[in-house]
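For reference, the structure is listed below as structure tokens.
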Amino acid sequence: MSDEATLRALAMKVRNWGRWGPDDEIGTLNYITPDTIAAAGRLVTTGKVFALGIPLDRQGPQSGTRQRFNPIHTMFRDGGDAPRTPAQVAEMQGYGGSDDWIVMPLQCATQWDSLAHIFYEGQMYNGYDATLVTSSGAAKNSIDKTRDKIVGRGVLLDVARHKGVRALEPGYAITVADLEATAAAARVTVQRGDLLLIRTGHMSRYLDKNDWRHFDLDPFPGVSVHTTAWLTLGEIFFLEELATDCATDGRYAFLLVAPPLPVKRAVGTPVNPYALK
Amino acid sequence: MSDEATLRALAMKVRNWGRWGPDDEIGTLNYITPDTIAAAGRLVTTGKVFALGIPLDRQGPQSGTRQRFNPIHTMFRDGGDAPRTPAQVAEMQGYGGSDDWIVMPLQCATQWDSLAHIFYEGQMYNGYDATLVTSSGAAKNSIDKTRDKIVGRGVLLDVARHKGVRALEPGYAITVADLEATAAAARVTVQRGDLLLIRTGHMSRYLDKNDWRHFDLDPFPGVSVHTTAWLTLGEIFFLEELATDCATDGRYAFLLVAPPLPVKRAVGTPVNPYALK
Amino acid sequence: MSDEATLRALAMKVRNWGRWGPDDEIGTLNYITPDTIAAAGRLVTTGKVFALGIPLDRQGPQSGTRQRFNPIHTMFRDGGDAPRTPAQVAEMQGYGGSDDWIVMPLQCATQWDSLAHIFYEGQMYNGYDATLVTSSGAAKNSIDKTRDKIVGRGVLLDVARHKGVRALEPGYAITVADLEATAAAARVTVQRGDLLLIRTGHMSRYLDKNDWRHFDLDPFPGVSVHTTAWLTLGEIFFLEELATDCATDGRYAFLLVAPPLPVKRAVGTPVNPYALK
Amino acid sequence: MSDEATLRALAMKVRNWGRWGPDDEIGTLNYITPDTIAAAGRLVTTGKVFALGIPLDRQGPQSGTRQRFNPIHTMFRDGGDAPRTPAQVAEMQGYGGSDDWIVMPLQCATQWDSLAHIFYEGQMYNGYDATLVTSSGAAKNSIDKTRDKIVGRGVLLDVARHKGVRALEPGYAITVADLEATAAAARVTVQRGDLLLIRTGHMSRYLDKNDWRHFDLDPFPGVSVHTTAWLTLGEIFFLEELATDCATDGRYAFLLVAPPLPVKRAVGTPVNPYALK
């Protein structure tokens, strides 16, 4: 088959359209159940917390040469606006405050994408038409449909460490065999409903130089199309500290709690996932 | 004493400045330890999830008459930008996508405030000068200092339900006695390091009419200054479903996981806390 | 004919589609020529300037209940960020500065709309399909096509004053006869290429109370569909001072200079038009 | 004298503080009078229009490595939101529309700076303290104070062309002698109240390669501190077409109309100045 035909055949094979009925908008998150959550809760034994969200600021990974830019944060009120004169101080009984705001692409940093983020042949997950996503947002498959859904057993597959490298080469396409070997070495069995975190080490290159500006311009290693049956829809997770800890204690499974911001009609959300062990 | 003198005396009594050293920026979150987190993890037994964040959209609680406005969400790319002509489709191999972004005050919906949010007599927590918060953000006490800190035992004190009302009256000032009686009836003992959720029922008024626009203009019930020793720094939590569940099973303690967005130099963050039982 | 049929017939009659060729994107602005501009320049005799843009701030005319909100302006750098310590001052040689930014709908205040702003039966001016306006902007009829086009003879038709009222009634539909009578009384003949300013006095109601918040919720007087042959595409002009001056000196024609911001692919622009007499 | 002492002495000599009274907020714009405007109006003889504002889009001159970013423009409503079903079409009587918005630094493109934009030794123009500029904007010297003030005789001093180069070298500091020689060759006498446009040709370098991204990172030629008595406060003007025309007809003076957006408390404004000849 041609490349396109192969790709198309694969897409048809792995897609879950219709599996949870014609009205479903959350896909494989349906595999997470109270039982899998309760079981994941039992993995919290030492009280360690790993925050997987990268900092949000102007020095972030986006180059701005495409649409996505780094978060722009600024103040409405600050210390310079605080009461000064005795009259002002008296009026406010000594109190003052600060307020701030942010402008940010929902896909600019550590993120979940919704099932309205990718279209294939004019359709998105479950066969909804791409034109249901307009300037007023996504009428179907928006991220707020997952508002209480993104918690469960997290499993780290540290492919880079398993292969004994600081980071996979730019452009390297992780294979199913890579994932299976990594899981086997970690003595972890990936189960239905798991939230998979696949570490390529690519971010380590940037952390090493303490500057991840323009991270988005670099060809990065990633899962190949043949691993799509395993696919997750998060990106730019900070996995360094978690990975070191897993390598130390040999426990690659944990409770992962990663609540999306329930933005109505959105196709993504920034997130700061917590891995709890 | 005059009112002001009373207030000032109270403020001096409860404040924790210096308790965790002169360089501390997270205050009572220091009370949360691996042990309290591990103990809280054991409260996850049934796998129930309650998401406490309100939806983020233009129909939110802010009136816009003061500085804070409701989130503004829109698209960079949508279904209308997807490939159409055969040539475009071929070039993209059938793929298209959507991207979006948001403009929002960090205090406009369910939120954590940082310890740089409130000034008293020109200073914020731990004695840092208010002028350390400028247009470029908070040099001290910013929210990103708490990036991996906001998880622990959550305790719901459902004052409205305990008093047998749908909602406390506008302007009602909850007393220490109210909190103690509510806790006693719930058979829960508030401990150092707990994340307290105090339910006034005020939001129920708005949910009943299915419109919480201008919620911010209404005088709301809240904790009185005399309860500040108990104080938490979150606001506008959606507690209805959680409260109903607690009343049903009698379990008012749970694992609360509420990761802030790690916005550098920010004085607040939107949040979608998960209560896990 | 039914109302709809009448409306449709009228729309077909007045529309200029194709008049300036199939590729035109600026419509009646084609009537403005170097000759009309030079003639308008000769109207500048006394050096009086009238700025017709309303202030841009949070207290503006938008209620926020629909999509449009008032401008949000804030600082990146301010006096609180200025050098303070002797070392900082020396490094900057005594200099400091401030920077600011704005978030605003392009239709929130005094504005020009582009010919991509209105669709009728799925098309915009000159027959371009409405789907040419996507999340990435207007591929046709965008405002930047007019970047050097909006200057010429301005003519004020002060309908309210002509009718002897402070303001026309809310909902009043100005007729062709109204416009003709107003022009006749002002001894001005409307010509091809004129930029017409039609004063209803509606804004005066708001200026009288010094608060035009929620101006957008009020049914306002305006031109009727039968005057569309005269139509201009600007809104919310501040005409009070200009109107008073015209009534005083009897000169209702002037040089109008109203440069759009050349925002690429935009469907509108804020503007601060100058009427020069 | 040392460099700093020289600079300080010069600053003291040229500054106009107090010249128009202690409450003034517009500085040398006070030199523009109805007489100078009327005289400038007489320069409009051929009806030629030159728009001096650069396009506003994501491909603009800002690199984003400092605070300033290029304008971000997107839609609230577009053709994808237009009525489709017969019922929707009927309800809207065939009409639909589009709306858009922008996020932009006020100093990111062709701009006027207000007199609150620069501080020297903790003060801005007229001796106002820098701390009067806070997160809520500039209490003094804001751009809206100039709302009806920026029109008058414009004079182009095309230094690059006078020196016979495509562009002055990066970093070149234009001298008073350069300005005087350029004016003499152009047979124009700079007068009090003129709005000076000084062309360095620097932008031509970027236009030649059709890409002015990162323009802000380049050391550019500019006026030296010794020319401050001539200083204007605009930047990034597109002067190419105007300069060619002036060289052709030998007329370097024209009516310049450059209305600021009247943003309250702002320290700058985007602008699309019109030069009318």
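As written, the chain order gives the labels A, B, C and D, with residue 1 at the start of each chain.
One rule holds for everything that comes next: a residue touches a chain if its C-beta (ideal position, glycine included) is under 8 Å from a C-beta of that chain, and two chains touch if they have at least 3 such contacts.
Just so we're clear, the structure is a prediction, and the values are computed from it rather than from any experiment.
Least step count on the touch graph, subunit A to subunit C: 1.
Look at the contact of subunit A with subunit D and you find the same residues on each copy: over half of the numbers used there are shared. Spacing of subunit A relative to subunit D, judged by their CA centroids, is 43 angstrom.
Averaged C-alpha coordinates give centres for subunit C and subunit D that are 22 Å from one another. Those residues of subunit C in touch with two or more other chains are numbered 67, 72, 74-80, 98, 101, 103, 131, 133-136. The touch graph of these protein chains is complete, with an edge between every pair of chains. By the touch criterion given at the top, residues 72, 74-76, 78-80, 101, 103, 134-135 of subunit B touch subunit D in their complex. Within the complex, the subunit B residues that touch subunit C are 58, 64-65, 67, 69-70, 72, 74-78, 80-81, 98, 103, 131, 134-136, 213. Chain contact summary for the complex, subunit B toward subunit A: residues 4, 7-8, 33-42, 44-51, 53-57, 67-68, 71, 73-80, 82, 89, 93-107, 116-122, 129-138, 144, 147-149, 151, 255, 257-268, 270-274, 276.
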